[in-house]
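Both complexes shown next keep chain A, but they swap its partner, so chain B is in the first and chain C is in the second.
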Partner chain A sequence: MLHRLQFTAKKLVRMALLLLGVSLTAFLLMDASPLDPLQTNIGQAALGTMSPEQIARLEEYWGINTPAAERYVGWLGSALRGDFGVSLLYSRPVLAVVGQRLGNSLWLLLFAWVLSGGLGLALGLAAGANRGRWPDRLIRGYCLVISSTPTFWLALLLLMVFSVWLGWLPIGLSVPIGADAASVTLTARLYHALLPGLTLSVTGVAGIALHTREKVVDVLDSDYVLFARARGEGHILRRHVLRNVALPALTLQFASIGEIIGGSVLVEQVFSYPGLGQAAVAAGLGGDLPLLLGITVVTAALVFGGSLAADLLYGVIDPRIRRGAAKA
Partner chain B sequence: MEPILTVEHLSVSFTRYSRGFARTELSAVRDLSLTVEPGRVTALVGESGSGKSLLAHAILQLLPRNAQVGGTILYDGAPLSRERAEALRGREIALIPQGITWLDPMMKVGPQVRRGRGDSETRARCRAALDRFGLGPQVEELYPFELSGGMARRVLIACAVMDSPRLIVADEPTPGLDIRAAGRVLGHFRELAEEGAGVLFITHDLELALTVAHKLVVLCEGRTVEELSPARFRSGQGLNHPYTRALWHAMPENNFL
Partner chain C sequence: MTGNRRRSTLFLLILAGGLLLALALAGGLLDDRALTTDFSRKNLPPCPAYLFGTDWMGRDMLARTLTGLSLSLRVGALTAAASAAIALVLGTASAAFGGWVDALVSWLIHLVMGVPHILLIILVSLACGRGFWGVTAGVTLTHWPALARLVRGEVLQLKGAPWLRMSRRLGAPRGKILRNHILPHLLPQFLTGLILQFPHAILHEAGVTFLGFGLPPEQPAIGVILEESMSYLTTGRWWLALFPGLALVLVVVLFALAGERLRLLLSPASAQE
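Then we have the complex of A and B:
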C-alpha cells in the first residue's frame, strides 16, 4: 500500500512539472504568434474609426503592452490559486467556458474512445489469429490506408456521404438548430455526436488494431502457446492470448486518449461541433490567451490522468507487479 | 518388446525465401531413426543444432507450416498423422519442455496444470501430480515468475504426468539445474518408465544420458549414427562411428583424448 502511495505521489509531482512545461510552451508560442488580437477580433475598419483612448483601453484589455514575463507570472500566480482568469472572447471565466465545452465534447470523446478501443482490439485479435490469411491482409490494408488519411479529409468525406447525399445524419452542431437548450433530449445529443464520433473512432482504430495484432502474433509464437497446443488444450485464444494481450491493450487504450483529444480539434472544426477542440481553435486564432492556456492545461491533465490510470490499473491486473510489489 | 514409438528415416527441412523469390532448402534433420520401448528410457544425444528438438516437435505435429517432413513416425504400430497426433497429445503423448518460458506468465500454476478444467476429478489428479514432485497446495496459487527454476521444471513434469501418458517426450529438461536437481529430475523419468511409459529423453548432456537411459541414440548433423547401450558406450569397445568415438574420448575419465 505504501508502495502504491509513493508511486502515486511521484506521478503527481511529474504531472505538476508537465503542466508547468506545457503552459509555458503554449504561452511562448502564443506570444510569438504574429496575430494582432486587436486586428483579428475588432477588424481594421472598426479600429480606424476609434479614438486613441478607446484603442488604448482595448490594448490594455488584450494585454498588448504588458511584458511577456509579467503576463505569464501573473497568470501562473492566479492559476495556482485556482483562478484561470476570464476568457477575452467569451467574457466569462475560463473554467466555466472549459467546463461547458468539455461537457459537450465528453459524449463525443467517450463514444470515440470506447468504440475505437473495442473495435481496435477486436480487429487486432482477428488479424493476429489469422496471420497471413485474407482477414489479416484485409484488416492490415484498412489500417494502413486509414492511418495515412488526414482526419479532417475523412471527416469531410463522411459528412458528404452520410449528411449530404444520404441525409441520414445532421451536418453539424451538437443539438438541433433552433431548439431550446432545455428541451434537447439525450437521444438528440447522441444523434449529433454520432458522425464526429465515428470519424474519430475510425481513425483511432487503426493504431490500436495494428499494435494489438503485433502482440497477438508474439503471443501465438510463444513457447507457452506451443506447450498449450502440445497438451491438447482448447480455447487457446481465450485462455492464453486474450490474457496476455490484455495489458498492452489497456496501455494502448489509455494512451489513445491523447490522440482522441488531438483528433477532436480538427473533427469538431469540420462538424461545427461546439466542443473543447473548437474552442481551442477559436482561442488560438483569436489571441484569447487565458482561454487557450486553460484548455491546454486541462487537456494535458486529462491525457496525463489517462496514462496514470493505466499505470495504476497495471498494478492491479498484472500479477508480476501486484505480487512483486507486495513482497518488496 | 513392441516399441511404442518408431521413427524411420525422418527428415525435416525448411523452405526459406532468400533474396527475392530464390528459395533455399534448409535441411535440419536428414536421416533420423530410433525406437522407444515402453518401460524404457531412450536418450537422444546430440550437440546443439543437430536437430534434436525438431524431433520432439515432429512427433507432436507442432512444426511450423514451412517445414517439410519426410520419413515415417509410427505410434503404437500405426502411422502418426496430424489428426491422430492432435487427438493423442495431452492424453497419451506428453511433452516435457525446456523451461519456465513454456508456462503462461499470466496464469497461476494450478489452472495451468489443470488446463482450465475445474471439476473435482481433475483437481484431485492435479493435486496428486504436483504432490508427487514435492509441490504443496500453495504452489497452485503461485504465478510462474514466483517459481524457482527447479520448481518450474517440476511443474512442467507434473503437467506431463497428469494424464498418465504412454509416451513422454522430454526435450532438454535439465539445463540450468545443478547436478543434484538434475539427478532428481532424471530419477522422475526413470520412475515414469518403470510405471510403463516409454520415455524419449532428448539432451546434449552425455553424462546425464548415461546415468538415466537404457539406450543411447547418437545424433550427428541430423543423422542418427549409432544406437547402443550405456554400458557398451562406457566400455568404449565396438564404437562404430568416428563421432561416437570422439564423444567417448571427450569423457573426463577417458582423458579428453
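Then we have the complex of A and C:
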C-alpha cells in the first residue's frame, strides 16, 4: 500500500512539473507574439481617435508595459492560489469562463470519448479476429479514410447533410436560440450535442481501432492461443484476447483525451458550439492571453490527469503490475 | 505475392511523388487563375467548363483547389522534413548520451504531447505572428515527439548490438560509429516516419488555417477555402465545401497509404507476409 502511495506521489510531482513547463512555454510563446493586443482588439481607427491618457489606461489593462518575468511570476503566484486572472474578452475571472465553457463541452467530450473508445475497441477486435478477410479490409479502409479526413470538413459535410438538406438536426449552438438558460431541457442539450459529438466519435475511432487490431493479431499469433486452440478451447476471444488487449486499450483510451479535446476545438468552431474549444479560438484570435493561458493549463491538466488515471488503473487491472510496482 | 506488393508499393510511392511535383507546378501556373474574379460567372454549380463550380466572386474553384493543395503540400513537405530532422537529432541524442539528456528529451516529449496539438499550434502560430511561418513553425514543433520516441527506442536497441560493441572495443570514435553503424540502420524507420508525418502535417495545417491562425485569407489555401464556404452552406452551395475537401482527403489518403505500405515492407516482422 505504501508503495502504491509512493508511486502515485512520484507521478503527481512529475505531473506538477510538466504543468509548470506547459504554463511557462505557453506564457513565453504568447509573450513572443508580435501581435499588439491593442491593435487587434480596438483597431487602428479607434486608437487614432483616443487621447494618450486613454491609450495609457488601455495599455495598463492589457499589461503591455510590465516585464515578462515579473508578469509570469505574478501569474504563477496567484494561479497557485486559484486565481488565473481576468479574461480580457469576457471581463470575468478566467476560471469562471473556463468552468462554464468546460461544463458545456463536457457533454460533448464525454459522449465522444466513450463512444469512440467503445466503438474503436469493437472494430479493432472484429478486424483482428478476421485478419485478411473482408471485415478486416473494410474496417482498415474505413480507418485509413477517416484518419485522412480533416475533422472540420467532416463536420461541415454532416452539417450540410443533416441540418441543411434533411433539416433533422439543429445547425449549431448548444441550446435552442432565444431560450432561457433555465428552461433548457436535457433532451434539448443532447439534441444539440448529437451532431458535434457524432463527428468527434466517428473520427476518434480510427487510431484506437487500428492499434487494437495490431494487438489482437499479436495475441492470436501467440503460443498460448495456439495451445488453447489445440486443446479445443472455446471462447478464445473473450478468455485470452480480450484480457490481453485490456491494458493497451486502456492506454489508448486515456491517451485519446488530448486528441478528442483537440478535435473539439475544430468541431465546436464549425457548429458554433459555445464550449472550451471555441473559447480557445476566440482567445487566440482576440489576443486574450490570460484566458488562452488558463485554457492551455486546464487542458494539459486534463490530459496529464488522464495518463495518471491510466497508470493507476493498470495496477487495479493487472496484478502483475501491482506486485511489480511494490517491488520496485 | 511479395513481388506484387513490392511493385504496388513502388507504384504508390512514385504516384505520390509525381503528384507532389505536379501539384507544386500547377500551383505556380494556376496562381493567377485562382485569384481572377469575374462577376459574370459567379455562383455557378459544377459544369463542364468549371468542374468544381465557381464561388460568389466568380473565381474558378478547380484552380483554387489545386493552388490550395499545392500550398498545403509545400507546407506539409517542409514541416514533415523539419520535424523529422528534430526527431532524429533529439531521439538519437537521447538514446546515445542517456542520463540527463535522456531525461530532458523525455520530459520535452511529455510536455508537447500533453497539450492538444491544435492548441499548441495556435500558440506557436501566435508567437510567430501567424502567416506562413507561423503555421510551419507550429506544425514542425508539434509533430516530432512520436518519431523521436521511435528513433530513441531503435538506437537503444542498436547500442547493445554485437557489431557495435565490437566496433567500440576496436576503438572507433563516436562519430564514426554513429555514421557507419547507427544511421544506416535508422534510415528505413526514419524515411517511413517522414512519409507518415506528411498527412498529419497537412491536416493540421488545414485545421489551423481554417480556424484563422494560419495562412492569410488572400491565399487560396484549403483551410481558407473551406472557412469561406462556411458562410454559404445554408444557401445550398454545397460544391464550395465538398470538392476542395474531397481533393484534400484523396491526397492525404494517397500519402498515408504509401507510407503505411512502405512501413510494412521495410519492417522485418511483416516484410514476408
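Please note the rule applied: the second predicted complex is superposed on the first by the 322 of 328 C-alpha atoms of A that agree within 3 Å, B and C clash if a C-alpha of one lies under 4 Å from a C-alpha of the other, contacts with A are read in each partner's own complex, and residues count from 1 in each chain.
The working rule: a residue touches a chain if its C-beta (ideal position, glycine included) is under 8 Å from a C-beta of that chain, and two chains touch if they have at least 3 such contacts.
The shown structure was predicted, so the numbers you read here are calculated from the model rather than taken from an experiment.
S.K.: Answer with first, second, both or neither: which of chain B and chain C does A:Arg320 touch in the superposed model?
M.R.: A:Arg320 sits against chain B, while chain C stays out of touch.
S.K.: With both structures superposed, pick whichever of chain B and chain C touches the larger number of chain A residues.
M.R.: Of the two chains, more chain A residues are contacted by C.
S.K.: For A:Leu292, using the defined touch cut-off, is the partner it touches chain B, chain C, both, or neither? Pick first, second, both or neither.
M.R.: Second partner only.
S.K.: State whether A:Leu12 touches chain B only (first), chain C only (second), both chains, or neither.
M.R.: neither
S.K.: May I ask you to decide whether A:Leu226 touches chain B, chain C, both, or neither, giving the answer as first, second, both or neither?
M.R.: first
S.K.: For A:Pro34, is the partner it touches chain B (first), chain C (second), both, or none of the two (neither)?
M.R.: Only chain C; A:Pro34 stays clear of chain B.
S.K.: With both complexes overlaid on chain A, does A:Thr149 touch chain B (first), chain C (second), both or neither?
M.R.: In the superposed model, A:Thr149 contacts chain C only, not chain B.
S.K.: In their shared complex, at which residues does chain B touch chain A?
M.R.: 60, 62, 86-91, 94-95, 97-98, 101-108, 115-116, 143, 145-146, 159
S.K.: Spell out the residues on chain C that touch chain A in their complex, using ranges where they run on.
M.R.: Where chain C meets chain A, its residues are 107, 110-111, 113-119, 122-124, 126-130, 199, 203, 206-207, 210-213, 226, 229-230, 233-234, 236, 238, 241-242, 245, 248-249, 252-253, 256-257, 260.
S.K.: Once bound in the complex, which stretches of chain A touch chain B?
M.R.: 222-224, 226-233, 235, 239-240, 243-244, 246-247, 318-320, 323-324
S.K.: Residue numbers of chain A touching chain C in their complex, please.
M.R.: Listed in rising order, the residues of chain A that touch chain C are 17-18, 21-22, 25-26, 28-30, 32-35, 144-145, 147-153, 156-157, 159-160, 164, 171, 258-259, 261-263, 265-266, 269-270, 280-281, 284-285, 292, 295-296, 299-300, 303-304.
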